[in-house]
Structure formats: structure tokens, C-alpha cells
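This report concerns only the one structure given below.
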Amino acid sequence: MEKVILDVADLTTKYITRFGEDIYAVDHVSLRVEDGKSLGIAGESGCGKSTLALSLMGYYFPPLHYTGGEIIIDGHNISGMKPDDVRKSILGREIAYIPQAAMNALNPTQKIIHFIEDVVQAHDPTTSKQEIYTMAKALFESLGLPAEVLQKYPVELSGGMKQRTVIAISVILRPQVLIADEPSSALDVTSQKMVIKMLRNLMDNGYIKAMIFITHELPLLYNVTDDIMVMYAGQIVERASSKEAVFDPLHPYSKGLMGSIIVPEEGLRDVKLAAIPGVPPNLKNPPPGCRFAPRCKFARAACTAASVPLRELENGRSYRCILSEEELREAYAREDRQHGR
Amino acid sequence: MKGYRKYFLNKLLWFLVTLVAAFILNFILPRLMPGDPVAAIVSRLAQGMSNTAGIQAIYEQYAEQFGTNRPMYEQFLLYMRNVFQGDFGFSFSQYPRTVADVIRSSILWTIGLQFPAIIVGWLIGNSLGALAAYRRGSFDKVIMPISIFMSNLPAFGMAVVLLVIFGVSLRWFPTSGGYGFDLIPNFSLKFFWSVFVHYQLPFWSIVLITIGGQAIGMRSMAIYELNADYVKYSRFMGIKDRKIVRYVFRNAMLPQITGLALSVGTMVGGALVAEIIFSYPGLGSTILTAVLGQDYPLISATTLIITIMVLAANFAIEMVYGILDPRIKAAQAD
Amino acid sequence: MAAERKLCLSGKGVTKVFGLGRNKTVAVDNVDFNFYEGEVISLVGESGSGKTTLAKMLLGLINPTEGEIYFQGEKRDLSSHRKKKEYWKSIQAIFQDPFSSFNIFNKIDTVLLDCIRMRGGGGLPYEQKVAMMTEACSFVNLKFAELTNKYPFELSGGQQQRLMIARIFLLKPKILLADEPTSMIDACSRATILDMLMQLRDEIGMTPIFITHDIGLAYYVSDTVYIMEKGKFVESGSADEVILRPKGAYTKRLINDVPKIYEEWDLSTV
Amino acid sequence: MKHLLQQISRSGKFVAGFSIFATILLIVLIYPLVVPDPPLEIIGQGTFFEPGIYVNVYDSISAPHYTLNLDEAAEQRIASRFKAEDREAMRGWLVGSGMPESEIDIANTAQLLDQWFANFDPTTRLPGMTNADRNYYIRLNNSIQGLLSTEAAVIAQMNAETAVLEETGTVPQTAYVNVNQVANVRVLPLGTDNFGRDVLTQLVRATGVSLQIGFVAGIIATVIGLALGLVSGYVGGLVDDVIMFITNLFIVIPSFVLLILISFSIGQEQRGAITIAVVIGFTSWVWTARAVRSQVISLRNRDHVNLSKLSGHSIAHIIIRDILPYIASYVIMALILQISSGILAEAGLSILGLGPKTTDVPTLGLMMNWAMIYQAHILGKWWAYFPIIVTIALIAFSMNLMNTGLDQVFNPALRD
């Protein structure tokens, strides 16, 4: 078994709204990512996947608050550290973040190289500007970005170039873990592919050891990550290898989600798309028991009686449902027969 | 540099266009008013002066200068020619002084008082606003209501309050004039000291008025910037808050500079009234004398000069903005 | 078969130019098209390709700078408000973002009553109007009784998009322009919306035109696909032909760059 | 709508501002009902009577007297009449007559008086003293003597036949009257101004007039700005270019300069309060026009407007139903700002001597102007100017608070 790079146990964080209400957007989430692996997180908007990305950084500012759990990066527990120490020795160095809206992620009135200088010197004030420039130039060139970008302001870069610049800056200190939150959703398909290629390149060439990739675009997730975790209402409902998650999902929610994938490939026109009725629950006041039960075709009384634990299967898969693997497969087969698939 | 040049030319063109518009307005507004302006002015002349020879001289001068019986466009050309020669005619109320002479003796006082005061007020206000946005909490809760209240005090109100407290009660500073009434302007230390002492109250009253509005504006700009994505990203890259605040301040300051350019006219307006309270020998007091003396040429020239001053200040601020915002220089790339 | 097809919307040399002088941009550049009744059509393009501008021209919200648009084979005349109103009885739209599609100050009743009025039912007794609204809502799986006196923004994105379809159900237009109707809503609600649109099409015999950047969606729903690049149509034809066997370089690249799940996604091409 | 009102009422700033403003408005409405005097009536002969209760002396003599033996009465009597400048002058005399300055304590009344009586001689003429100074000291001495006398004051009336003063009564120093039993008492809480007019009555009326000016100016400015902004934003094209060109011109050309020019050209006689308000309104619409235009432009291409068009609605319907409600909050906020800046503009103009004509009604600016001309601030007559400044500041402050409160409700980014 490979070395575990990122080990998260029972992480729980909440938002405190202006009116003092708590919203548990990340509820007892545990996950592990091994050396050289990438983990994808899928889910509908509002399921807590972006909040999970923020929470994994171990550095919290309002309205997000930490309430419990552990984050261990390469054997180093960061959840007990002082915020200032996290900032200095963890952020950017051990774990780095690529934000959702990379278009605005760079200070508009600062040249790229000056921001890189600030990032490097925030962790090691002794590094000279010359050293930083040499380092940044080498990194940009090895990642296929022109070195002239360093001397430019963000407005002078195209959307795709801006996003790739942000990714390059994020790995300048060679962090172990990279967290990418919808890094390509605002880009056209070609720039999106370039971003994906760059992320793969980072993994393959050892710039980073582990990656967490968050997106609502499932075909993309399937192509980028080794494993996929499906989130629903702040909880993990299923975790499996990408192939299993997409082609053989177990949890009824995952089943619905994967059944709604549309790709321009032969035969897809004849498939009936899956649909899940209803809306996700309000996280201020989640339903008791299984949170998906109100929308689930297979729901029964027991589902709402008590909270449903995550079932671990032998091959490392897990899912959160009171039905067994066999029961679920049987139900799905019955459905397929009905639709004549 | 191409981007900046384009920006510069653009602003210069706009400056010239507004200048022409200001000339036209200054010329046309008094003539648009109902009633015969000549008759009105002549009747005012009679009550404004006792010196018959003076009235006659001014009347002839006036008829010559304004060419009142000629067509509008000729009058306008005449007006333009006179303005460009710096010839505004004689002052009704201070005859035989010329209008140009009256303005010459007051304009430096106004420039020397108002622009430094507005700039100092702008700087202090913006610093306080940024600090309030960043620190929030009790600092914000104290600074903000005070700022809101201060920004709502009329400029003359602040002037009177300062005058009564520091001039009348505490007797720290003189209450009126630009220098001691017993002095004649010269280059002695005594005179400069007197000017400096007389400068304090008008200066601080304008500064205090400016601070409030600027602090409020800066605070909301900075709060907006603090929620920007680059702040979140910079935090997650481990950059210190102090540095991030510097980013935020710089970015929030840029719209504040544009705001200053747009509101400098209003500020100067308030400050002119404050001048009157202190009998400061600037353009504000000149307007007051002109109004009291029904001195039409002086009013017309003073308002024109103030407009030109404000337009020039506006232009200068826009130029500074062009240098400070790198995006303008970068604009050439597209 | 081609001979039986009836034209519903066609265009010749349709061009839209924005701005003047140095700021001039050609959003739609001299395009010709023939949309036939009964087909599902998709206009596919990336952002900035001019597809939304073309859609607005088709809807008659903006006028082409040059060229003509023909409705059912005849030159379209939108010279007066009355003529536009008449045209809008035949063509309607669903927009991308359900949250900004409805006036937040109007109740759901107002939205639906507007449609009844437009179809000439303004003078009907209220009970009959309620019956019509109830029918339209139940078509999209909503209960009018629960929606009356509510505002659209109180519904979820998917529900609002369904309300939009209920609107179309009442209006019964000949043509429906659907501008990215599912891109802002969750994947799990997408199928419902698409199914309802197709069902509505069968029920009232309208011609849907999808405007989308999602090639997968275009492939899934449409019979005929037009690919747009920089204001021009670069390729068009049946969905199978254009998407599975693209001929143009741009189309090939576009389809190549979309992530796949059954085939290998070739990352080496960028 | 209900939800919105609820949110607004939850904003502390709005509620605070609204309460202040409502209080001012109520006072303006109710006070004239209680005190119906004309505000410009001259009641005092003389300038700047201090705030206080004015009791008719004639009536208090004829009112029933009561004897109250209060120990400190004499002391207070002396202290209240014995002014600081008198004490200062006494020190001058004493020093002049050779007393060392360190021995004199002008705050100590008893000691000062002792020293005075020991040293003062009306016949002596100190070096450098003018005749006027000498007379002043003699008058001062007499009045001090009078203050110290313990006899009762005699009331005498002239006998109409004999033209002889006949004693009709005496008023001992321990005599008191009950204010309630005096026929004529006038309360002047803020004293009188330079013309002898009741400042409070005037202030209340002036506040009302200034508010009217603010409202008229604000409404005119908002209507013009709204109309131009709507047309400019919705129609676009050449119309937009022209309107924006004019708007941008008037933004850089200071509006108060135009105000001065126009007000001066109108002439003193034609300048009523409402004329001034109209002029202010016509010179201050630019900001509203700009703000409305940018709002309309962002709304114009919104899908709900397109949907309304597709529903066959007319342009008028679209502007009224689909655009105006969205910008209503901005327009209300702009109106509030315009009202308060209109009040300030009037005040500024009046101080320059270009305010409304002075014979009809007072405005806050005119009152300020009068106080400044008569140097109330230099003379320490605080009641003639300070309440005006406070009133203007309170009006502007309350309106700004309301605005900030509304802004926080409508712009979530500013919320805490």
C-alpha cells in the first residue's frame, strides 16, 4: 500500500450566518489520498463540495468555522496548529489551493512576478528577488508557460492563461497536496483541456504528490482522477474508483447523478437519462436519518429512523445506504428492465 | 507607454471640451435669465455706487465690453477675446480696481488653502476608512458613526465650531483674515508666521469635513475588495494579512481617486463658504463682496476662474490616476 | 423526404455588427440557414461565437444589421409593435438562468395569466383561466394550487425552469428557442427538463431550437446541428454526421476537446 | 414587499435615522400649533437677548410679593451683575493705583470689593487714563454701591395732578414673586437674534422651509435624473451618447458655480424659497442620471426584460413594471441624498448672500447668514448660530443614516 499523503478524519466545519444560524456544510467527512493519487469530489451545487475544499486547507476565516476533526498531511497533523503557523508553514508549502473563479484570483494591480515574490517571501523572507525570478522562470517554462507572463498584469492574460498561471503559482513551493475547486468550469473546452493536461502533468512529473479535484462536470472528473467521492448534503455518500463510480454506482444518489451524464459519443442518444425529483435539503435543518431519503425511490421507514453509517466494502469502496450491495444491484437491474435498456 | 498616451490624450480632449462648455455656460447663463440684463445691471449700478463719475465710466466700459446691442455670437467672440487677454473689465464695487486685479490678489490664497486641505483630508479619511474596514469591531463602530456625522456637518458649520472653540474661547488662533491686519505682505519671518497661524483654522475645518465622506467611501470600497477572490487566494497561499491589506488598500484607493476627481467641485464649493466664515482673503470672500456689491463682472469672472481651477484639478487627478493604475498602461496589449 | 419538409425559419446573409469605427465587432457574419418544421435544431458554439446574438435576432429582440430572416418562407416584418406581438405568438424562448428570467416583482399567477392574455384569453372567466393554469402546471409536474400567490424566486432553479415550460405550454408557439436551458441547473434535474420539452414538442407540434455550448447536449437532443465559430456556421448537418464524423477542422477540434467517458480522451492534442 | 419592509425595519441605522428625521418633522408640524407667532416678528428691541425666561418687571411689581429668607441671595445678586470685564477693570485700577498684582484675586468677590473700597477714589486720575475711562470707573463704583445697599427699593408713582412722585410701596430685597402670578412672561429658550426675533420660533419655521426647499429640489433633481437616466439607458445609441455627454459635462463643472451664476442673475427680488429650490433641483440631477442609466443598462438586457418583450408588453409597460421596480431602491436612496444636499446647497447660497429674499420666510441658511453678518460667533452669542448648525447636521445625518441603512439592506456585500 502506498504512503498516505492526505488523511482527513471526521472533519466538520460550519458557516455562521449573519443571523447567527449554523450551517453544517461539511459534516464528519473522512478521506485519504495516497501518494501519486488523485481524488475527485462530485455533487450538486450546494452539497458542500466547495466548502470541503476550503475546510481542507486547515485555515479558517469567517463565516467558515472549524468545529472538529483532523487533517493530517504526510503524517503531520495540522488541525491543532495555530493559524499563524498554518499560514507560514502549511499553506502553499504543504497544501495549495486553486480557486473556483481564477479569473479574479490574481490581484489586478500587481504584476505576476511580484505576487510570486510575495508568496515565496511569506514563507522564507531570505529568498532574494533574483532567486525567485530564476525559480519562477524555470517552473513556468517547465510547465509550458511563456516566461513573459511573469512581467505582465493579470488583465493582459487570457482566461485560460490566467488559470494556468494561477496553477503554476500554486505549486511554486512544491506543495504535497493540491486542491482544485472547479478550476476549469468558466473556460472554453480547449482551455479546459489545457488546464487538465497541466494538472495531469503536475501529478505525473511529481510536482505534487496528491490532488483533490472538485467539479460538477462528471466526464471531466472521470478523466482526471483515480477515485471519485460523491457528496450529498454535506456528507460523503459514496467513494469508489472512477470507473466504478461512473459505470457501477451503488448509492441511489450516485446512480442518479451518473445516469445524467451526457457525452457526445455513439449510442448516447438512445440512453434514457436519469432524473432525481425534488431538491437537496436545507443544511440549516437537515432531515433525520439518511439525508437523501426524501428524494429516494427506494426509501423506507428505516431510512429516516437513524443516521446511516458509511458501509466499507472489501475493495476499498464505501457507500452510505441501509440497503446491501446485492439489494441495490437488484433494484437497479429491475429498473433497467422496466425502461428496456 | 502607448496605453498611457492614449489615456492622456483622451482626458486632455475631454478637459478642453469641458473648458469650452464652461465658457459658454458662464457667458450664456446670466443672459438666459428673464428680463433685460442691461437694465437690471444698470439699476444695480445706481444702488451699488455713489461715485457718479465711476458709474459713468463703468457704464461705458460695460457697454463696450459686453457689446450688448450686438448679436449673441459677436458678444460671445468679444467675451472670449477679453477672457483670453485676461481682461474682465472694472469691478463695480471696488472701482477703480480691475476685476483681474481683485482676482489676482485672492486666487493664491484659495489655491494655497483648499488643495492642500482637500488632499490631506483625503489621505487621512482613506487611511481611517481602510483601517475601519480591516479592523472592524469596536474601532469601526466608533469611527464610522463619527465619520457619518462629520461628513454631514456643513462646511461652514465645521468652520464656525472650530472658530468658536479655538479662536474665540481658547484664543489659540486668530479668527479672521489671512494674516495680521497690522501687517503688510512681505518676506519677513513675522509675516509668514502670521500667515501660518491664520492658516490653521480654515485648513483644519476643510480637512475635517473631507475626512468623513472619504472614510465612509473607503470603508465600503475596502470591504468590497476584502471579499474579492484574490484576497481568498492570497490568504491560501500563506500571504500575511498585513500584505493583503496593502493590496486591498491600493485597489480600493483607485476608485477613491476617481471619486475625488468627480467630487472636487463639490468640495471646493463647501470650502469657499468656509473661507467666508474666516474672512479668509480668497475667492470665497471675493464672491461675497461681489454679491453684496452687486458686482456683476466680478461674479462672472470669479465663477469662471473657480470652474477652470476645478477642471484643472480634475484633470490633474485623472493624470495621477493614469499613472497609478497599471491597467491603463497595460491596455495597449489588446 | 426532403421535399416534404416545410421551412419554419430561414435566413439569408444575416449579419449583426455592434459598435462603430474602431470598436466595430461583427457578432454574426453573413450566415444562411434553413430550419425545418418538426426537427430539433441545435446551434452549437463556444462563448463569443455569436450564437446568442443570432438567437436574439431570430426572436426579433434585435434587428439584423444586414440580411433577411424569413418566417415560414415569408419575409419577416417587425416594423410595428403590433406585428412584433403577432410574431411572438409564433416564437418563444426559454433562457439560461431561471433566477433572472422572471421579474421578481411579479407573482407566478401574473406570469401565467400574461400567457393566457397573449393567446387571446384575457376575457375568459377566472375559473377557466385557473383551469388552464392548473393544466399547464400539472404538465410540468407542478401544482398550481400550491403556487398561486407565490413568487417564482421562491422555487428551486429546476422548478422555475419547469414553470418556464408551463408558460410555453400555455402559449403554444410554433418555434421555441431554448438558450442553454439546462446549463444553470443541477445535472439530476436536466433530464426532467429535456423530457418535458420533448413531450411538449410532440403535444403542440413546435420546432425547438437549442442554443448551447454543450456538444453532448446537442448530440443528445437534436436532429440537425449547426456549429458556429466567430459568427459563421462552419459545419451543419444531422447530429450523427456532424458530431460523430465531423469534417471541419474546428468541429473536429471542438469534439476532440470535450471529455469522453467511453472512448479514450486524448490529452496530447493541446 | 412586506419582507423588504421587515428587513429595513431590522436595520438599526435606518431606524435611528428615521426616528431623528421623524422627530424633526413632528416638531416642525406641531410647534406652530402651540406657538402661532409669526416667525419674523420683531419682539425684542436690541440684539441677541440671551436664552431664558423673560418676566415683565411692571407686572412683577404689582404681583403679590412673598418673603423668602435665602442666605445666598445677596451673594448671587452681586455675582450675577458683577461681570468679568468689570472685575478685570477693577484689577486695572488697583494695579494702576500701586497695588501689587499678586495680591489681587478677581475671582474672590469679597476680597476684591474690600480692596476696591479701600483704594478707589473718584477724584484721582490714573496716568494714561482718558476721561471716558474715568467716567466708566465712576459708573462702575456707583453700580457696585447700589448692589451692596440693603435698603428696599421704593416704588413711586407720579401723581397726575401735582406731578409729584408719591411713594406707593417698597420692594425689600427679600421679596419674591411667583412667576405663575405674573401676567406677562415670555419664554425665549433660544433667546433672540440680531433683529430681536425669537430664535426658536424662527428656527422651527426655517427648518420647515429648508425641508420644503430640500424636498422640492430633491424631487426635481430626482425626476430629471430618473427621466434622463431611463431614456439614456433604455434607448441607448445616439440619444444615450448625447445625454451622457451633457451629464459628464455637468459632473465636472461644479454645480454650485452654476447655482451662484443663476441665483445672481435671477436677482434678489425674484428669489423666493421655491425659486431657489427649483434652481438647486435643476443643477443637481447629474448623479441620479448617471446612476439610473448604469442600472438601466444592466437591466435592459436581462432575461426578464426579454421575456416581458416576448409577452408582447409595450415599452411603457416594460419600463414601469420591469425596470422601475428594480431601480426603485436606488432612486429612493438618491432622492434622500438629494434632499439633504439641497438643504446644504441653500445654506451655502444664503451665506454667500444669494439665498431667498429675506422678507418672506426664514430658512436655515438665511438665519446662519444673519448670525454671521452680525458676528454672533465672535460675540459669543451661541444661541444665534449653534442650534442652526445642529439642526442642519441632524437633518443631513438622519437622512444619511437612513440611506446607509437602506444601502446595507440592498447591497449584501456591505453587511456585517
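Going in written order, the chains are labelled A, B, C and D, and every chain counts its residues from 1.
We adopt the following convention: a residue touches a chain if its C-beta (ideal position, glycine included) is under 8 Å from a C-beta of that chain, and two chains touch if they have at least 3 such contacts.
Just so it is clear, the structure is predicted and the values come from calculations on it, not from any experiment.
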{"item": "Selected pair, greater C-beta contact count between A-C and A-B", "value": "A-C"}
{"item": "Nearest-to-centre chain - CA centroid comparison", "value": "B"}
{"item": "Farthest-lying chain, centroid of Cα atoms versus that of subunit A", "value": "D"}
{"item": "Computed distance of Cα centres, subunit D from subunit A, in Å", "value": "64"}
{"item": "Whole-Å gap between the CA centroids of subunit A and subunit B", "value": "55"}
{"item": "Chain centre separation in whole Å, for subunit C relative to subunit A (CA means)", "value": "33"}
{"item": "Set of subunit D residues in contact with two or more other chains", "value": "416"}
{"item": "Residue numbers of subunit B (touch at least two other chains)", "value": "none"}
{"item": "In subunit C, residues with contacts to at least two other chains", "value": "none"}
{"item": "Touch-based graph of the chains, sorted into line, ring, star, complete or other", "value": "ring"}
{"item": "Those chain pairs that satisfy the touch definition", "value": "A-B, A-C, B-D, C-D"}
{"item": "Complex interface listing, subunit D residues touching subunit B", "value": "248-249, 251-258, 260-262, 264-267, 340, 344, 347-348, 351-354, 368, 372, 377-378, 380, 382, 385-386, 389, 392-393, 396-397, 400-401, 404, 413-414, 416"}
{"item": "Touch list for subunit D against partner subunit C, complex", "value": "302-304, 306-314, 321-322, 325-326"}
{"item": "Of all residues in subunit C, those that touch subunit A in their complex", "value": "46-47, 141, 156, 158-159, 186-192, 194-195, 213-220, 239-240, 243-244, 253-255, 257-263, 265, 267, 269-270"}
{"item": "Residue ranges of subunit C touching subunit D (in the complex, touch as defined)", "value": "56, 59, 61, 81, 84-85, 88-89, 92-93, 95-97, 100-106, 114-115, 118"}
{"item": "Touch list for subunit A against partner subunit B, complex", "value": "57, 59, 61, 87-88, 90-93, 96-97, 99-101, 103-111, 115, 118-119, 122-123, 152-153, 155-156, 166, 169-170"}
